[in-house]
Amino acid sequence: MKICRVVKPLVSTYRIPEFEHKHLQVVQDGSSQLVAVDAIGCKPDDWVICVGSSAAREAAGSKAYPSDLTIVGIIDDWQAE
Amino acid sequence: MKICRVVKPLVSTYRIPEFEHKHLQVVQDGSSQLVAVDAIGCKPDDWVICVGSSAAREAAGSKAYPSDLTIVGIIDDWQAE
Amino acid sequence: MKICRVVKPLVSTYRIPEFEHKHLQVVQDGSSQLVAVDAIGCKPDDWVICVGSSAAREAAGSKAYPSDLTIVGIIDDWQAE
Amino acid sequence: MKICRVVKPLVSTYRIPEFEHKHLQVVQDGSSQLVAVDAIGCKPDDWVICVGSSAAREAAGSKAYPSDLTIVGIIDDWQAE
Amino acid sequence: MKICRVVKPLVSTYRIPEFEHKHLQVVQDGSSQLVAVDAIGCKPDDWVICVGSSAAREAAGSKAYPSDLTIVGIIDDWQAE
């Protein structure tokens, strides 16, 4: 799993219906920004654990959910290098 | 999911029949260009959300669809860094 | 999907039987070379679309085929950057 | 599989219930740090084998476990380059 | 699939039982070293084809085998660049 920092929510009005109403977050992964499905409810600047690969689907709620990156935990105490 | 910018449609007359008649788009992902299946209908210069991994298949319409990158949403307002 | 250029066929006499008699191609992906299963019949210098992840298996012919990169289309007209 | 060095356990009190009570470890993978599910019981500075992709799920105990990186073995003797 | 060079066998006495008694090989992939399950029987300095993603599981013998990189063929004649 990746260690990312939450940047801000992502607004995408026009998206496939399979995303339902789950929140999407922009997360910082090293020097690049990715989009993750928020499965726990986090806020900007939280350090979070993001799961990818096929595990991201069930972590987002069901095997049919179209996610390849899902936020699955908030890290209690993280010091960025 | 990745944040990409749509470059242009990709024409591939000779391709496997499993792709059906879905549109393919060339998208810019940082410094490299990738091909994504367009599940929503987007146009050049749109900033889009692209899902990869096994989730790209169902996002493109069915579990048997041979996609590893599918455009699943248009971002309402994105300022490139 | 990746945009690759076909380099040459790859000969591997000693390989697992699950590969059957499908052709393997060396393809150039940016600065690195990869091996892809040829599902369409292409030749050196063709610009092709390669699908990876779990979608590469069905694109190669069946869900049990052990491919992680399959050539699924020839691009009609591509100008390398 | 990746060759990683265990850095320290990761504490995440607020996480999805599917993680159960398995231990998470921060591991060093080259120049970046990742989080892996500990399926064997390792300690800081151990050199370990980490499996990713969909295989990480079953390696962590079941097909439904939401891991994309699982520690599956301790290397007997490894000299870092 | 990746083109790798076999470095040496990897010894991991303490590993999950799902690995059974299959041999693990350290392989060189460009500038980094990875661990692959040896499905064919190869030796140091062989140039080999390694399959990743979910296809690595069945290539290693069964859908439940926890591999994300499996050696599936020896290349007859390869000149490193």
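Structural remarks
Order as written gives the chain letters A, B, C, D and E; numbering starts at 1 within each chain.
The working rule: contacts are C-beta pairs under 8 Å (C-beta built on N, C-alpha and C of every residue); 3 or more make two chains touch, one makes a residue touch a chain.
Chain labels with UniProt names: A, B, C, D, E = Carboxysome peptide A.
Keep in mind the model is a prediction, meaning the values are calculated, not measured.
Under the contact definition, subunit A and subunit C share the contacting chains B. The best fit of Cα atoms from subunit C onto subunit D calls for a rotation angle of 145°, in steps of 5.
With centres defined as mean CA coordinates, subunit E is found 32 Å away from subunit A.
Mean C-alpha position of subunit A lies 20 Å from that of subunit D. Counting partner chains per residue, subunit B shows two or more touched chains at residues 52-54, 56. Following neighbours round the ring, subunit B first and subunit C right after, the list reads B, C, E, D, A. Across the interface of their complex, subunit A is touched by residues 10-16, 18-19, 24, 26, 32-36, 52-54, 56-57, 64-69 of subunit D. Subunit D meets subunit E in the complex at residues 1-3, 30, 39-40, 49, 51-56, 58-59, 70, 72-77, 81.
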